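Next come two complexes, and both contain chain A; in the first it sits with chain B, in the second with chain C.
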Partner chain A sequence: MVINILNGLVYGGLLYILAVGLVLIFGLRRVVNFAHGSLFMVGGYVAFTVAAYSSFWVALPVSIVVLALLGVILDRFVFRPLQHEDPISTVLVTFGLLLVLEDVVKTIWGKDFLSLAAPPLLSGTVSIVGETFPVYRLMVIVVAVLVAAGLSLWLRFSRIGLYVRASSVDPVTTGMQGVDTDRVSAAVVAIGAGLAGLSGTIAAPLMALSPSMGSFILIDSFIVVVVGGLGSFSGAFIAALLIGQVHNFGIVYIPWAASLIPFLLMVAVLIWRPTGLAGGRA
Partner chain B sequence: MTDIVAGAPTRPRRMGFLFALLAIGAAGCTLPAVVQSPLFLTLMTQAAINAVLATGVGFLVRQNGTVSFGHAAFFGLSAYATALLIKFGLPAEAAIILAVALPTLFALALGVVIVRITGVAFSMLTLAVAQAFHELVLKWRELANGDDGMAIAFPARVFGIDMATFQQPASMFLVCWVALIAVILGLWLLCRSRFGTLTLAIRENEERARYIGYRTVLPRAIIYAVSAAIAALAGLLFALYNGFVSPGTLHWSLSGEALIMAIIGGPRLVWGPALGGVIFFFIKNAAGDFTDHWPAVIGITLILVTVLLPRGVGGVLVWLGARLGGRRPS
Partner chain C sequence: MQTVWMRRMGLAAATVLAAAAPAAAQETIKIGVPTALTGTYADLGDQSRRAVVFAVEEANAAGGIDGRKVEVRFLDTEAKPDLARRQGEKLALEGYKLLIGAVASGEGLAMGPMLQRWDALYISTINKANQITGSACQPRMFRANRLDAADGAVVTPWLAGRKETKWAIMAADIAWGRDSGASFIKSAQANKRTIVSENYSPFGSNDFAPYIQKIKDSGAQGLWVALAGRDAINFATQAKQFGLFDTVFTAGVSFVTDNTVKTLGEVSRGIWGIINYSSTLDTPANKKFVADWAKKYPGAEPTNFEGETYIGMQVLLQAIARAKSSKPADVAKAMEGTTFDTILGKQLMRKEDHQLVGPNFFGYVGDKDGKLKPIITMSVPPETATPPADAACKMPG
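What follows is the complex of A and B.
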């Protein structure tokens, strides 16, 4: 039981790190990045290659930095030129990017499943209420908690965090106050993409790397973002924990219907509160 | 550059459209007599089935202003419903009717919930719904044989028609082509009706439509269901033609392809997505050497069309037609 809850927290943590990137980008650009799952995947593959030449501990920061740079490029050449268009245009373009990135990964790394080993330092297990649990999985939970804490402190106390919160409420007025929203946005998309890289890297030892790994986690992180309320950080946190738990319980107890459970939960939440748990802004 | 979904779509008024559609329909029916190549007819049959699906996706964009990333759900559900209902002993005729009716009713029920969500969140939801079904048939092996898919045990005759009619490209092309023309005609009439105008009004400004005194959720849910019914019809045609169904029919890449066809052709026109479907298949044919990189080819095509031709090829044709006709292009 405790082990199940912990495993749910692991998946919820990964989802949170990914979903909060979507929320950040949505706040600034009012668009949803359909290529976010692909960034997660590219993060995992970059870490795999770097780790093959060095170690996991080098791969982790390298993957985050590479993805953050990709994020800057994405913001500069996709989100910014399309910011005055219908948001659907950006969605379609990022959907096109998703197809391209999946193909690029398939071409570079092949279609076969690859696996990245957990670093030796964390490869042991600990005993929790009489059952063993991998240390690495505990670390994933810790990282998710640190990301959540770090982000909320950053948003609350830093100047750029203030700009981000202001732009999330109303980008036009924020711009009129003299905030360069394009620069804020470049930073925010870089952070969002970097978090996708972090999520992809720490997920790599938990799941096999494959060119389709981005799509299924993208769906779950979409459910998280919609259930939490599009644009809400705390909503995404709660929803990620919730979806992580029901996903895991579904896999353990009713495997054939596991994929339907997050979806049913989402429909239930939307009937109850059409704008999501945190509601209001969507 | 204009928006893909915003702005008034070209409203079909002229009877000229009707004659043009019927003429193109009749011309298409002569295709199997003119072209003997089975390979080409196979390709065109697939193109016609996908054009039906794209027409459903495009109609939702046109009439509700929302973009579905999950119409493969209705396509695949219809194909699976055909297979499973026949497997459970229903007569094939009943299975075929239910294969369109059940996904449509499901879409109506789902629509009442999800059409309240607008914009990008709607797109995310439709994607999640389709993917949930994809996972379900993949994981529930006892029901649908998982990744291996299942053959459909059609009887020798359906509705008194020899099954071979549906499985030979030459005759099946005619069936699909007539279905496509009938769907476009039906949608054209629907768009001209009072209901069509009402849903456009809701699309333009839901709040205002509500203030005038219209209910706004049900009409949009009905449009969603109509568009799902068209996708289900495409799924049924697919099932009849292939006699086989696999989880690929529910995969989001199919939803994405249908959407891309609609965008290429121009979703603001009733007939645009069908045109896009045909163009798409010609690109696919031309890209033959790059089939390994097919997803990248369509991804790049989607990006280029979205950025450079937001009204699609159909929109360009209408614009050219208006110029040549001496009217001021809109």
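What follows is the complex of A and C.
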């Protein structure tokens, strides 16, 4: 039981780090970033290559920084020009971006699956209520909690956090108050993309690196975003934990319906609270 | 104005074609490959592609088949049955009516009933579900690779020698995974082994932790895995972290293959499994194939799926040469009840169910020639490895 809850937390934590990036970018730029899954994938590949020449611990920050820089470029040349366009064009462009990034990765790293080993320090197991549990998985939970705590402190107490919260409620009015929303957005998209790099890196020792790995996890993170409420930071956290548990206990107790349950949950939430669990602004 | 002009062009083109008609015998042979170029089974699809390309280039370098050049076209199916049916139809409509190389059994099963309507033909080289040559058999569908029941014929005697009595199953929730699970249950029952946990994960799963925990909680001593491609790697990586392989004896099918071992490295050491083809097999034809392969793909040895797909290409190209025609109906006729020269020796394409009668192997992942790879420890000859034709196969007219 305890192990099952922990397993749910691991997957939920991973989804949270990915989904909160989507929420950040949507909040500021009103762009549903379909390319977010491929940023996750690129993050994993960058970590793989860096780790091959150094170690996992070097790869982790490098991947975050590389992806954050990629985020700044994306914001300047893709999201900013798109923010006033019809949502369907942003969906098409970001989806196109996903395909382009997949092909770039195929060209650089090839089509074969790659695997990144967990760092030796974290590759053992610990005993929890008499069961063995991988240390690495505990680390994933810790990272997710740190990200959640860090983000909420930053949003609540820093000046830029205030701007971010204001812009995600109403970017136009915030701009009229003298906030340079373009600069705020650049920073936020960089953080969102950096988080995608972080999640890609910590996911790499758990799953095979493949050019299409982004699309496998993107659906789950969209469910998290929709259940939590588009643009809601705390909603994403609650929803990710919920989806993680539902995913895990579904497989344990009703395996024949397990893959359906997250979708049913999403439909139920959309009927009950169309703005999501924590969304109330729409 | 433009339409008139286009019509004239069309007429002109038709005239040119008509003039070329006597030379029709020199038309190229067109082979269509609807396969997984992206997605969970992308690495299997890529192996299928490499083997087809190799066989086509080899045939063309030898002057073609019956003096005709062979050309090939690939379309991505993501290993999804509905997409395979669409892509198969597209290929057939464009004249690539000789289809080969799809990965998932569901793809073959989806294309099977359409083949006569498309006037096409399909040879399975990786699809294992029994139905392909059983209840869903079709006059235009053939299988050159080993079916699940043939894997069962190897597993049953192997299981008899194992001491583990309680077994768990971890398989993909698709036609093949379900079929392989059912096949293993039969082998287990024949050996009075109990199945304590049956798990079928959705195609393309990210997180296997809940399944791993279930297997641990079930008290299983042995584990049978029918996962391939990305699923296989995700499961193996995560199971290793949980220490599952230290306490539960593990074996499987399409799980630890030449290609997944390359990715998994030490994680795969000591895992047992069915080996349908191995580059280490010691026949003159296979040695030549392996040597030629290394010339085309420097530093590489053909993998199990590449070897199997190449065998399918050998059958197809020899049937075309024998039929002196690349019309699917003629090729199908030339294939039935015929014995083909393959890299694993002479093999019969059975008329009753269109199954190629071939050998099967079993082994484990260990060191050979300084490399970690699946090593054969048990070989089963063709007649024993391939069970008799399934009575459920009644070829629709």
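Annotations for the structure displayed:
We adopt the following convention: the second predicted complex is superposed on the first by the 274 of 282 C-alpha atoms of A that agree within 3 Å, B and C clash if a C-alpha of one lies under 4 Å from a C-alpha of the other, contacts with A are read in each partner's own complex, and residues count from 1 in each chain.
In this text, a residue touches a chain if its C-beta (ideal position, glycine included) is under 8 Å from a C-beta of that chain, and two chains touch if they have at least 3 such contacts.
None of these values were measured; they are calculated from a predicted model.
With chain A as the common reference for superposition, the partners chain B and chain C occupy clashing space. In the superposition on chain A, A:Val31 contacts chain B only, with no contact to chain C. With both structures placed on the common chain, the touch criterion links A:Pro120 to neither chain B nor chain C. Look at A:Phe216: by the touch rule set out above, it reaches both chain B and chain C. Within the superposed three-chain model, A:Tyr11 lies in touch with chain C and out of touch with chain B [touch as defined at top]. In the superposed pair of complexes, A:Thr107 makes contact with chain B only, with no contact to chain C. By the touch criterion defined above, A:Gly178 reaches neither chain B nor chain C. Legend: residue contacts after superposition of the two complexes on their common chain; A:Ser259 is shown touching both chain B and chain C. Comparing the two complexes, residues 102, 216, 255, 258-259 of chain A contact chain B in one case and chain C in the other. Per the touch definition, chain A reaches chain C in the complex via residues 3-4, 7, 10-11, 102, 111-115, 118, 123, 125, 131-134, 136-137, 203, 205-208, 210-213, 216-217, 220, 247-249, 251-252, 255, 258-259. Contact residues of chain C toward chain A in the complex are 38-40, 42-43, 46, 199-202, 204, 206-207, 209-211, 213-214, 216, 229-230, 233-234, 237-238, 241-243, 259-260, 262-265, 267.
Those residues of chain A that touch chain B in the complex are listed here as 26, 31-32, 34, 82, 85-89, 91-93, 95-100, 102-104, 107, 215-216, 219, 222-223, 225-226, 230, 255-260, 262-263, 266-267, 270-271, 274, 282. Residues 1, 3-6, 67, 69, 110, 113-114, 116-117, 119-121, 123-125, 127-129, 131-132, 134-136, 139-143, 252-253, 256, 259, 263, 293, 295-296, 298-303, 306-307, 310 of chain B are the ones that touch chain A when the two sit in their complex.
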